[in-house]
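As structure tokens, here come the structures.
The two complexes that follow have chain A in common; it is paired with chain B in the first and with chain C in the second.
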Partner chain A sequence: MGYSGVRGGQEAIAAAERLARRDRLGGTSRWLELDQVTGRLGLAVDRVMGEAGLWAPELAARAIRQSRGDLLEAAQLLRAHRSTLPRLAYSSPVPAVALRPVRRIAPAYRNPPGGQVLGATDDYTPRILDLTDEDTARATAPPPRRPATAGAPVVAPDPTVPPVGLPPAGLLADRRDPADPDPFDITRAPARPGVPRSARLTAMARAETGSLTHLWYLVTQAPRNAQPEIPLELRRGHLPLRIEHPFTGSPVTVAGVRVSEARTVRPDARPHPDGSRFDIGYGLCLGDNEAKALAMAGLDLLVHRDKTTNRLEQRVLTALDGPELAGYLEHLKLPHYVDFRSIVDRLRALQAPDPEEGL
Partner chain B sequence: MSSTPTRERRCELLAAAAHEEIVPLAERLLADGALPEPTVLKSPETGMVVLQVREPVEETRFYLGEVLVTECSVEVAGVPGWCMRPGDDRVAALSGALLDALAAAGGPATAEIDALCAAVAERHASQDAAEWADVTATTVVFEELT
Partner chain C sequence: MNTLSPTRTGTGASRAGALAGPDPRPGIFDELSKRELRRAMLSGIAIPGYQVPYGSREMPVARGWGSGGLQATLSLVCDEDQLKVIDQGEDAGVNASNLRRLITEHTGAGEETDTRAADIIQSRHRIPEQPLTDGQILVLQVPNAEPLFRIVQEMDEQRRMHAEADYAKMWVWLYEDIVHNGLITAAAGYPVLVEGRYVMTPSPIPRWDVPKMNDSDAITILSAGREKRLFAVPPHTRVVPLTFDDRPFEVEYTPGTACRLCGSDDTYLVEEPGENGAPGTWSCSDTDFCTRRRTGDAPADVAGQPVELARAALRRATREQEETS
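Coming up: the complex of A and B.
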């Protein structure tokens, strides 16, 4: 499809921008501070950072405020800002065991080593709209977490809370790749079917949460995927950002991020190539976003299993990016009257009586 | 008296320190003349570090995303200093690099910088411990109904 440039209406556009700005910043409501967004709407901030592919809580809060809470637009704003920033370094590869957990549940096991650590969750709380009046809600708000008393013995987080083990030996195909290929960078080269799995994992980690969870739900409900999917483990926690010190070459932790991680398994119901083992999938995304991590793990598994076609892989790589889909939607609102007029002309031509008819 | 951390550990703690902790100290040391005239080798630059993860299924690497950081390099009396911090606070990154160089040079301000690092380390250990105490209180043992 071709597009024709148009011009004009500068005053009207400026007036429209003023109206939008008034909706965003005007009115009688108090100024929305960035720390209110990061502190009270943390899941929205996490979601925007994950979908933009950039861990930057304050910038994400700015994007949410600017977009008036439209998270798709906020991710687009942050992703666009990201494209203006230089890359300063690549971190050292951080393994999953480096995650310092603040929540770990293992649905596949009753009592895994280290226990089921529920962490902060509403999973076991009825989903009921809280209609507590404002004064009572303010008065009963819990205080901020207090650091341990000065001088009191400090109990360090237990690094022995292990990732839950895989199913007993022999029940899971060994997929370790000793070649350790360089990761595929989807921000530098287009990710199309046939790319390495590292590209899929990055694409899903940056995917729009709703699109990813919907695709997983759609595919997992298909009759061919009727075998039960059971998460081995779901974790949230802190992951360090380590780089090489420029003078000594030794690792140094310069920052940290919060992540959600999931590992999930399905038995393979087909006798071939090996119906006696589990397939496994892995999900990891920035921030607190358990639904995204679980859906990512499920899709990682299903794409691996879908060896005969690349249909699911194609959808994972091309249909889940938030800024891409938002951009396409947005462009529909721009003037299309030249295209429309040409289509109208063509349809009229088709409907016009054939001059040779009746000769 | 605080013990002197390794160079890497000092960088970690200066990266984790608050703006209010390191900027006033660096400004005071500059004003006192405790800092020889520094040379900025690399002005504070805000950019990204790619977070590379090794996943456990194939044990291969992938890029999880990027992290916003600010980096700065300086030299004080021939001793280089470096700082990379999360976020886009350029003044704090410059201050961190200055304090790193000064501590590496072993001048009279080293004890003060070590004390700041010790305070940051203690605060973070305390916060981590408090978080962990909250988390472990949610550990549950599921019973099977028979």
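Coming up: the complex of A and C.
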């Protein structure tokens, strides 16, 4: 009964979807293969996987293709998909030495054990737009090799590049939590101020990269954070994913992921008990996303230091999630004429003459 | 070394079964999550107006497009239920159409536009004009769950204020509004006191709809997906808009307006601008009620309290005119 009245809205939505589909799939351009997205736009794929919190290069490529390159939207698509998957197990912790680095730089030291390993990076390449003509570029392209995102190989740690050691004892504030609580699962319970550090780290690992960078930049410019921040080490590499064997109970490596990891220190010379020591911050995120790992480490440190107020912690927990902030912005596009009329009513009432004026 | 608790280990298959539960349809929302939502709703009903946190899964709609209401509705809806979804009071609104399609595709619920025949009504920004009855559930989508967010920023402090019923700053804020503006300027989403205990946002419904929440026969669930919390108003609960004794609560009302379609002047009307500077026209925001008014299938006088408040506002406006002339 009465259903015909709603047909119009649904037909309009269906028509809008057809138009968007034409934009996505129509035109004369060739079909975009998923391996082109994973192979040629790897950093976009990594970013989407990190913000979605799901390691699945092919699915991330699908999401990027479906969203026509809108990475925020792609992350939302992958998140929604992730939400439908059962959680099969919790992985076991892996030590830092299990990460096999393909890149490792240690800004705090000239020549750390294992050396500075630059790896594949454009950091030192001049930022010049490559205007080589297409034929020459194709002819000079290096021979194809195994795509980097086809799943990380399971390999033993490379002993020649050990993690950089911490500053000598006595220079580092002890931030270890003797209680060693289980990690907080932010996908199962809302993260609010006062949650364990693991919740902040997870929230930042899934944060929207631009927002995280922005918040780090904003906070790090504040006068009270004037002490210089120096990363001990930035690493990119393969990290094994281990779970407990269901029968033997011993740890087994079932998969691997590529991660970016940063550890950063900052002295605090203000007069308080730990004033003469470094604080340390840690960042780790999925894929090749060095900016995110660095910003995360910097913010991890500053949240810890923000003892008197939980404002920074609250921002880290609630203001960085891509689907949340983009979704809230998106909601402005929905009809608002009911509340608009309500506001107009108040403004008109404000402009009406004051009833007490004539008394 | 961190050792995970025994409950977190086990075989993949048993973990999947235990955590994901049965899933007869290719789902967008697993059974365990639905159970979590139902528990949260029961907590909300037990403590009217209290904000109950929940996990809030990512849904296949943007955060802010009803992901919280969607989770509540999906947890409540049964195959035999009749579902009505409205946005701004309109069944054909884009958000309503979008969510209705999603829910009916993933459940066996039937689609309904007649408020009287619906078991569950998911709504954005409106409570239907037709009084709700015993057994009906109204699910409201909530963009901002915290009524104190305009006053204090820290979530810890907000929670403390709720826990201690320390709403002094809220009263000061309302008082300052009157001092500066001569009236309370809060428009949609007017803060209310629930059962004398918790200050709550009724979601951005117009002030017109706020009295309908008081002593309602139906259950109202308000769910904020982005902010990961929900709250509820059980049947026959006192819901009182915050105001002072000498400042009667005012609802939206423009004297002399009536719906251009059904002629009603006792429903919530929205203005449609005229073309080329022509005066605007008014129509009911509740399209189901408007349609039934035209066919004589709607009660002649249902709005009750809102229209009385509106008439009080009209009397005030008339008095003002007399005083100024």
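One rule holds for everything that comes next: the second predicted complex is superposed on the first by the 329 of 359 C-alpha atoms of A that agree within 3 Å, B and C clash if a C-alpha of one lies under 4 Å from a C-alpha of the other, contacts with A are read in each partner's own complex, and residues count from 1 in each chain.
Quick note on the criterion: a contact is a pair of C-beta atoms (placed from the backbone, for glycine too) under 8 Å apart; a residue touches a chain by one contact, two chains touch by 3 or more.
Since we're looking at a predicted model, the values are computed, not measured.
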Chain B and chain C placed together on chain A: clash or fit? fit
With chain A at the vertex, the Cα centres of chain B and chain C span an angle in degrees (to nearest 10) of 110
Using the touch definition from the top, say if A:328 reaches chain B (first), chain C (second), both or neither.
second
Quiz item: Touching A:250 in the superposition: chain B (first), chain C (second), both, neither?
Solution: first
| said: By the touch definition at the top of the document, which applies to A:62: first (chain B), second (chain C), both, or neither? | reply: neither
Tell me the contact category for A:119 with respect to chain B and chain C: first, second, both or neither.
first
Can A:277 be said to touch chain B (first), chain C (second), both, or neither? neither
Ask   = Thinking of the overlay built on chain A, is A:182 touched by chain B (first), by chain C (second), by both, or by neither?
value = both
For A:8 in the superposed arrangement: first (chain B), second (chain C), both or neither?
second
Worksheet entry | Contacts of A:310 with chain B and chain C, given as first, second, both or neither | second
Across the superposed arrangement, the tightest C-alpha approach of chain B to chain C, in Å, is 6
The shared contact residues of chain A with chain B and chain C are 82, 86-90, 92-93, 180, 182-183, 187, 246
Within the complex, chain C is touched by chain A residues 1-3, 5-10, 12-13, 76, 79-80, 82-84, 86-90, 92-93, 180, 182-183, 187-190, 192-194, 244, 246, 309-311, 314, 318, 323-324, 326-331, 334-339, 341-346, 348-350, 352-359
In their shared complex, chain B is touched by residues of chain A numbered 49-50, 53-56, 58-59, 82, 85-96, 100-103, 110-111, 115-121, 145-148, 150, 154-158, 163, 175-177, 180-187, 197-199, 201-202, 205-206, 239, 241, 243, 245-248, 250-257, 259, 263, 280-282, 284-286, 300
In their shared complex, chain A is touched by residues of chain C numbered 1-2, 4-5, 8-12, 15-16, 19-20, 27-30, 53-60, 62-65, 67, 87-98, 100-101, 111-114, 117, 124-126, 143, 153-156, 181-183, 185-189, 204-208, 226, 228-229, 250, 252-254, 268-271, 285, 287-288, 291, 316-317, 319-320, 323-324
Per the touch rule, the chain B residues reaching chain A in their complex are 7-8, 11-12, 15, 45-69, 71, 73, 80, 82, 84-88, 123, 125-136, 138-142, 144
